[in-house]
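Each of the next two complexes has chain A plus one more chain, namely chain B in the first and chain C in the second.
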Partner chain A sequence: MLSKKKLILISVILLVLVSLFCYGENASYKHTIMRFSGTPGQTQNYNWKSMVNQQILYLKNIVNSQYIKEDRKNSINIQIEQLQYYINHNINPITPTSAKFTIDFMDQAIYLFLPLLIIILAGDVVSGEFSSKTIKVLLTRSVPRWKILLSKYIGVLILSCIVVVESALMCVIISSFVFHSGGWNEPMATGFKVIGDKLDSSNVIRIYQWQYAILVYSLGWFVSINIATLSFMVSVIVRNTVTSVGIMLATLIGGGFLQIFLQDWPMIKYLFAVNLDLTQYLTASYQPVSGMSLSFSTLVLCLWSIVALVISFIVFQKQDVLV
Partner chain B sequence: MYKKAKFTVLFIIAFIFAIVFAAGFAYSITITNASSSSSKVTNKGSEDKAVDTKIKKLDSNSYNILVMGDSLGRGTGDETNNGFANDFSKLWKNKTKKNIEVTNIAVNGDVSSGLLNIVKSKQTLQYIQDSNMIFISIGGNEIKNFKNSSTASAAVQTDSLKTVENRYMKNLSDVFKLIRSRNENSVIVFIGLYNPFGNELTQDKLEVLNEWNYKTDQLVSSDDNGVYVPTYDLFKYNSGNYLAADNFHPNSAGYEAISKRMFEALKNYKK
Partner chain C sequence: MKDEVLLLDNVTKTIKGRQIIKEISFSIKQGEVMGFLGPNGAGKSTTLRMIVGLSKPTSGKIEICGYSIAKNHVKAMSNVGCIIEGPDLYNYMSGIDNLKMLASMSRGVTERNIMDTINLVGLKNRIRDKVSTYSLGMKQRLGIAQALMHNPKLLILDEPTNGLDPSGISELRNLVKQLADEKNISVLVSSHIISEIELMCDKVTIIKNGETVLESADVDKLLNNQGVFWVLSDNEKGRKILEENWKVKGNIVKEKLEANVPLEKLQEINSCFVEQGLMIKYVDNKNKTLEDLFLNLTEGNQIV
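== the complex of A and B ==
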């Protein structure tokens, strides 16, 4: 019953935020167009097509040059294809499309906002029972304790999956409504890899925006089940909802701070809060601490989750319930 | 009953999406982790081979024009993608019975040191040997940085400008020496610099540009078969018509104007 109310709360938060972001993006787009065209009101009048054509010519020149390395050609070709897509579909490159918005939303949400929603959801699954003293009723049933905990855990997993799906749906629906352009079939490049301080683009592949969106939301899903597991553990250990949510929030936000202050400390990369920003690995935009990769972050998060699960089951089996 | 059905639906949705997400997640790991080492090794091997074996000779039955230098030589900004070299070859068509072949090895954004490196390569030297005409455009990328560096103190600036200029002159004379070591007769046409910034350029910067052009002119003209083609005057009052959308490179009309001037200079050149 409680989780239903919380789902509604999360839906409302998502609805308000996504609408706000959409509105903001649209407003800033109109502002940019106005600056380009000089006169207010005429949105389609500035000549982006010739600019894009120029860029395509320029990139083609680079590709045809004999002094360019083979592995760079691949990513430039994808760039050309992307620009060509804009021309063919008459989409201005700076137009916000719902595909871009949906991806950007998860890009930004994955390390703070999404975990926050999950913590709201999972922070009091067990501790809530203690707070409201319903745990006594639950434990007097002739069901083994681990079964009770497992069912609760599965419930948390289902709910976090629903939250990710819901945020994707909200983004898609609201942004298509506001922007009027999908752009789901726009080609884009991914598969960059950072080796040392160099960007290795020899394995760059071309995928469509909708495929990329699925990848990004998959990463979001992975992050959210890990966060769910961790908050689950905390809510088993702590018998007070506020404390449980507080601890999770503090570690989450504190982890982000630590990343700024302790950049040179190598142990920092084993902290779960530092490993949440998984989508950056798809674009290889930056490396928080050298030596981190998607598989590394995945391993670290999995390890944290497994340990958390083991702890929560052991604690729940052994703890005395005196209410 | 109703509540149970709702739960089942929720469960199924979550389950399906969990599978989709897990698949997407696995895929993300594979694409960010694709072992690049194997493909890289093969790449490198083929590159080395390419350097050894692929020294291409130009067809001696055609009239060969070689273009070297920066984006101007490339034809950046030209909507028709011709550049001055192809525009020129159209004009030159009646002057020769042979078929005109344009070989363009210009590199966007290149500076004189880059040009020198390219000229040193075996492939380029082979091209030079086989060419009837050589067009060079260089220097624009070296001097354009001085437009925005007004914040630095004047003394420091002129000082560093001097070093840049000296290096440029040294590189350019080396390029000429290298060309002449392989090909003594063909004409070398050097395209001078214009001012794409119009009135934005202050008077002292303009003087720098003019001096730069003058010194280049002297160096090119010291070669028996070197021709310096000025473009400064062409663009002075025509920058509105001759510049492309980026306000830096010429557009097709600009390139055509340059090629006409080159043709004018070479009209009575025979060979």
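== the complex of A and C ==
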């Protein structure tokens, strides 16, 4: 299918989803305010500190309850300490702003939604040429095969970049419209570390929201590139659009399942699908399988991509075209 | 450089343990139009695919203008224009966009070249429309245009008359002849319509079950130097006369006397028969057309 048409499709999907998220976040925020302050409708002037304190109290109650599991306790403790840090340093974590929403969106999209969009785009870039049989025309020009594949790959990279930039723009525009406040220059804290079950805030750096947003979207871009490369390889090997998209979706979602069911199996951390949730490392409350870190995950993804590229080029160079 | 534009030397192809092509060899000289025939499943398409580098031969060599397709794909292919199994182009683009995109992949194709080729194939009026709106015949013309625009020395046409109307077929025939005569382009045409090949080609190669059964034979000679059959009042006597006077061995098959004699001598033989008191009921060429020859050569074909 034509990539222009698919870009429009993806823009529409993004538009609908982002608007929906925005609306939902705004509604839940109003609901929270109402619950804590008891006065409906008043969202501008309220004491956020007392609200955060209430949240901390609530979380502490959960921790002290006897029915809660040990590992869950740890993560809640970390949450409490983070909230405490925000109070101590006068950072408002509650009021939604355009910046926070934009960051949140990528946080949620990075491990499933964004890869999904990329797979839709990259899944048929080579196999589509096979199903429309136009690959014959391309390969019988006086151009070496690897050049044709390379230009296809560059095309995929450009498309993935467009998707990341487009989702950022949509988030910024729609959320500014819904929340009426940018908040790009508000400070935020990153660099929390978990040592044992304690939160180590000695390395915490305070950066602006816009800096953090760029950080998060760079990670999203990195993940997109890797997913694009993997779909590209599958597309070269199976030469059938439906199969290639199917394989990619199955591994992506299957990886998520494996992560839940096979946490104790050490090999699982080398699967690419488990390493996609890069932004979670930034808030430190997360370690899907022990031994994983931001640098570990990026390294694993890089390795997968390099292997995929090598395989794609070798297969494409050698295969007989029989369509 | 040798005047052989295309050379196939003992080319074989084995797919999954089955030998599909068993040592095919033939060559095309400059300006020649070669017909490439064979029954279904004989390996025509596989051979053409190997010539243009879409698949690789298991052994043997293929050279285009002296360049090996395996070792020097770029140089070899810059001399080739081809349509392999139908003109598959990008449906969502206009004809002119298709041509421009493909032209950018070859060296030295100018806007002028493209426009000239469009005029040549007669697509000028519809060239800005999307390919998806084209009829099969128009797509075929566009396919020929993309094969011709970079001025190749060798043109490979796989089933080029598919979907063309009678006037289109005749135009294509004239185009091919014109290209061979004026620009000295060599053409390799595969087709199922044997009468087309007969009208279009100088030479013909026939393959069957992956083997050449007739290699680069001259079409004119082939059709002239054919068997003749008679239906005489006394076939046995006629056979004796042939053997005594012309040293030609004749066979009697059912009602007919068959023999291989050059057509020039037919008149002489016939008058001799009459002088000897034989009545000639009927006399004809055994293989009147290439089609008869083709059917004879490939008879009993089983798809293996």
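Brief remarks on what is shown
Note that in this section the second predicted complex is superposed on the first by the 256 of 323 C-alpha atoms of A that agree within 3 Å, B and C clash if a C-alpha of one lies under 4 Å from a C-alpha of the other, contacts with A are read in each partner's own complex, and residues count from 1 in each chain.
Here is the rule we use: contacts are C-beta pairs under 8 Å (C-beta built on N, C-alpha and C of every residue); 3 or more make two chains touch, one makes a residue touch a chain.
Everything numeric in this text was worked out from a predicted model, so none of it was measured.
By the document's definition of touching, of the two partners only chain C reaches A:143; chain B does not.
In the superposed model, A:58 makes contact with chain B only, not with chain C. Of the two partner chains placed by the overlay, only chain B lies in contact with A:205; chain C stays clear of it. When the two complexes are overlaid, the chain among chain B and chain C that reaches more residues of chain A is B.
By the touch criterion stated above, A:88 is placed in contact with neither chain B nor chain C. In the superposed model, A:133 makes contact with chain C only, not with chain B.
In the superposition on chain A, contact is made by A:320 with chain C only, not with chain B.
Put simply, chain A uses no single residue to touch chain B in one complex and chain C in the other. On chain A, the positions that touch chain C within their shared complex are 2, 132-134, 136-145, 318, 320-322. Note for the complex: chain A touches chain B at residues 47, 50-51, 53-54, 57-58, 61-62, 65-67, 69-71, 157-159, 161-162, 164-165, 190-191, 193, 195, 200, 202-203, 205, 214-215, 217-219, 221-222, 278, 281-282, 284, 293-295, 298. The residues of chain C lying in touch with chain A in their complex are 15, 49, 52-56, 73-78, 80, 82, 84-86, 88-92, 102, 105-107, 146, 150. Those residues of chain B lying in contact with chain A across their complex are 10-11, 13-14, 17-18, 20-25, 27-29, 31-34, 36, 39-40, 43, 46-47, 74-79, 81, 105, 107-108, 118, 123, 244-246.
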